[in-house]
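These notes concern the structure reproduced below.
Going by the order they are written in, the chains are A, B, C and D; count residues from 1 in each one.
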Amino acid sequence: MNFSIYDFTSFNQWIDKFLNDNLNPFWAVVVELTIIGLVVLLFYALVGLFLVYAERKVCAFMQNRVGPNRVGPYGIFQTIADLFKLLMKELIHIKSADTFLFNIAPFIVIIASFMAIAAIPFAKGLHAIDFDIGILYVIAVSSLGVVGVLLAGWSSNNKYSLIGAMRSGAQIVSYELSVGLSLLTIIVLAGTMQFSQIVEGQANGWFLFKGHIPAFVAFVIFLIASTAETNRGPFDLAEAESELTAGFHTEYSGIKFAFFFLAEYMNMFIVASIAATVFLGGWMPFHVGGWEGFNRVMDFIPPLFWYFGKTAFIIFLMMWFKWTFPRLRIDQLLTLEWKYLLPINLVNILIMAFVVLMGWHF
Amino acid sequence: MKEGDFRDNETLELFKKSGGNILLTTIDAMIDWGRSNSIWPLTFATSCCGIEMMATGASRHDFARFGIEVYRASPRQADVIVVAGTIVNKMAPVLKRLYDQMSDPKYVIAMGACAVSGGPFFYNTYHVVRGVDHVIPVDVYVPGCPPRPEALLYGVMQLQRKIKLETMGDPRKTEELTR
Amino acid sequence: MDNATLKERILGLVPEAEFQENKQFLMFVVPPSAMHELSFALKHEADLAFDFLFCLSGVDMVKYLEVVYHLESTTHKHQLVLKVRTADRENAAVDTVCDIWRTAEFHEREAYDLLGIRFNNHPDLRRIFLEEDWKGYPLRKDYVDEVNIVEL
Amino acid sequence: MKEVINLPVRNIEEEEYHINMGPQHPSTHGVLRLVVSLQGEIVKNLKPHCGYIHRGIEKMCEKDTYPQIIHLTDRMDYLSAHINNHAVCMLVEKALEIDVPERVQYIRTIVDELNRIASHQLWWCSFGMDLGGLTCFFYGLRDREKILDIFEESFGSRLLHSYYTPGGLMMDIHKDFQKNVKDFIKYFRKKIKDYDRILTGNIIMHERTRGVGFLSKEDAISYGVTGPSGRASGFACDVRKHHPYGVYEKADFKEILLPEGDTFARYMVRMHEMRESMKIIEQLIDNIPAGDYSAKMKAVIKLPAGEYFQRVEAARGELGVYVVSDGNKTPLRMKFRSPNFSNLGVLDHISRGCKIADLVAIGASLDYVIPDIDR
């Protein structure tokens, strides 16, 4: 029995063995599922709270302010105070709204982001489930969220909400293509859709560096498209505060609004993790093929640290976009996707396939 | 500002001394802590005071420090409505409606002379509501024409102080006591 | 065009216009019936070309109501003030000029709202500041409002 | 035989719906209400509804003396408070034929220009915010605080100063005024480059504003659109140039005229104007002559019977003050030709056929201050 922070496989096997020794197989599975559920839920809440705090501090930093600093040291308990407040706030029922859909919409949004977390590998052996079609699963599940957004906008019976939801629908349907195609570029290179194998494939260099220019182009497109897919600035047309007051969640209050708020940050975390995993090697330390000594030194840093470092870097990039750029207009947004990103992407895949066929990659 | 400075009278805290159930008071303390440290204002300004409210939110004064960062444009998600500027007869029903649209608990800060009493537009005019408390209940009055950002910050601190006295059993107790 | 020739020119267009002394502007009182025609000429004749209406105000002079038009030509840089008077306080009505200077549309609505001067042929003559059901015209000298006004 | 039901044919392409922007809406900068008819996201037409902050200032003026009126003008266009004061003061001085000391003229001109810069800074913040770039908001307000510091030191107030009185000034400038102003100019010359970097050169900003909300020169004149918005359409309407007051004749500055007439031109005019204002201040700040800070005035100011009109160039356009006096200490009628009121009239004309997002950008570029519209 040896646990290490470099490999969680033995730890998982130990738990599995312990449960199977003491319970019958059915109950062992039930207990395992419960544990995973609780851990993911806890992780979800913690990451959400931390990201909200991080965003406030990052935007304060960019705007020459200090940000929250009264609630706990450096204001770290600020988001917890927000959470308490939102939990205790009145939930307004709107007479003219479609009550059932109105109530269910925030849950759809949050479940979609919740499900996507399951497939993400945080470290060796540390993932809820390792699908052989992991990437397909994550793309499929994360785009479910738009159903919630559309329902929220439609059922609120508010014109601002409806415009916001329609914009969001058009936006996600379009940008989903770019997200999928840019990931497909890497799948061509990796030859697999399974997250664990993609990560293993980067043991002697991240795909961003291995795949020549096509991988880099795919990375940039993925960053743009995923920022758009999470409805964050400069693509936050669905909320568009200066145009549509609060967009699709104009009529939501209290904890239901908090769900939308949290889901936005979790979606950001999910796309950042995918980008980190697919392009930057996930938990795989920075390796250069052939430099054994260097690779050893890098291996010394725990994989969890690598993983969260990369994700945080991409999240910081996305926050940087949001606080720097003005917002696009809806037609420009769609022009950008259909006239620029999509054709570039298609050509990019062809080039990548050619590179892989000729074996030009590293 | 040190705590003692904005707590220049003890009246409010005296009310809390009456005691209560240990479970309820603990939960009260938690909820009040959350509420008082996360007051999201509504993006609402009618005139000059609005500019000072913007200045309060900006780099130098930065009331995000107190957790008042997230300006919500939708009244459903806001906690406090800072009435910054004159309210006229045509605006009064709109303001009332905005207040009704907000979800409980909701607070009102009357910022500036116009919102407190009509201010410079008290006499000889036909279209001004003389004090926003004719329309909606006000928690904190911030005088000045317009009040300095520091004054608004002080007002917000007083509101936080007031929220900390709320109890679950009788949420409006503070209001009665301080009346 | 200097003020002397401009005066001749205006009097040539509307002989019944009444000249008024003023230090700052060349000022005429024009009969209401001639106003629209004169405005059209002022804007469109090349040597006059008064294309910029920089102020339109309604005034209650107790004996009569007055609409004052401040005009400027952006090409010739000369200025002119026209006045139209109406003694009828109940149904004060003047021809609109908002088909000639578009800015007049809002200013005329304001004059209607606060002074109760109606403008014939105005496309959208509603109250602009006050509620539709407001009684009376507040800028008139005989306006009383016991409820809202606190006299000092 | 089945009964044929004739349903009315609905042409969805042509159906419109209305949304209310305001009175409480982040992009209307106050309590303006726009009833917008939309077809999808395209604006068919819009009707502005004003009056949500109509305080009856013109009625109050009829009961107030002239020194009292000055305090009311502060509260019309609070972002160019000094310039509004200047209009009323000059009007009274002109009517009473008072010669104002040279020192006062210089100080007034400099303070006006500082006020114009402060106002344009605030416009820049809100423009950026309306386009969705929230960081602009904080950059602009950060630099505005520097001007407010100068104001506060000399005039004792941040926003509404009532610093000018008929015949002169309320008090003399602070001894550090000149030094602080020069420091500010030096500081702001550096910072305005940041403005260009964050917004002017941004490709999204160009996409959002170029060719949006076109206003031709003829329409600008006909609708009476003055100030930076008018000059962006090539309408030479700068009162400082064409009807000079203060000591603008002694300063060398350009009237910024751009021919494009779109939102981006309106943006650029204001950006250039901030630089021109700094140029004016730099030329004047070292030459403030010594002397009194006010002319001798009677205790009660009574304007001779007659009519007076004074035009000044406020930050948003031409402010006209029209007074009919009957010889009393209060005016018979006081009318303010406020720049925003005329500028608002053109909004419907230039925003037809735009998207909602464009409407917000156009509104931001016209830079309206609602209390100035409603008075």
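Simple rule for what comes next: a residue touches a chain if its C-beta (ideal position, glycine included) is under 8 Å from a C-beta of that chain, and two chains touch if they have at least 3 such contacts.
Fair warning: this is a prediction, and the values are worked out from it, not measured in the lab.
Compared with subunit D, the chain whose C-alpha mean position is the greatest distance off is A.
One inter-chain figure worth recording: subunit C and subunit D are separated by 24 Å, centre to centre, where each centre is the mean of the chain's CA atoms. Remark: subunit A and subunit D have CA centroids separated by 45 Å (rounded to whole angstrom).
If you average the CA atoms of subunit A and of subunit C, the two centres end up 64 Å from each other. If you average the CA atoms of subunit A and of subunit B, the two centres end up 37 Å from each other. Multi-chain contact residues of subunit B (touching two or more other chains): 58-59, 73, 90, 123-128. Residue numbers of subunit C whose C-beta contacts span two or more other chains: 129-131, 138, 152.
The set of subunit A residues that touch two or more partner chains comprises 63-65, 241, 245. By the contact rule set out at the top, the touching chain pairs are A-B, A-D, B-C, B-D, C-D.
Against subunit A, in their complex, subunit D makes its touches with residues 17, 19, 25-27, 41, 128-135, 137-139, 142, 198-199, 202, 204-205, 207-208, 355-358, 360.
Considering their complex, residues 42-48, 50-52, 54-55, 58-60, 73, 75, 85-86, 88, 90-91, 94, 98, 120-121, 123-128, 145-146, 148 of subunit B touch subunit D.
Residue ranges on subunit D touching subunit C, taken from their complex, read 50-51, 54, 56, 58-59, 62-63, 218-219, 221-224, 226, 235-237, 242, 306-309, 311, 318, 320, 322, 324, 332-333, 335, 337, 341-342, 344-346, 349, 374.
Residues of subunit C that touch subunit D in their complex: 22-25, 27, 51-55, 57, 59-61, 68, 70, 74, 77, 101-103, 105-107, 110, 114, 127-131, 138-139, 152. For subunit A in complex with subunit D, the residues that touch the partner chain are 59, 62-65, 159-160, 163, 233-234, 236-237, 240-245, 323-332.
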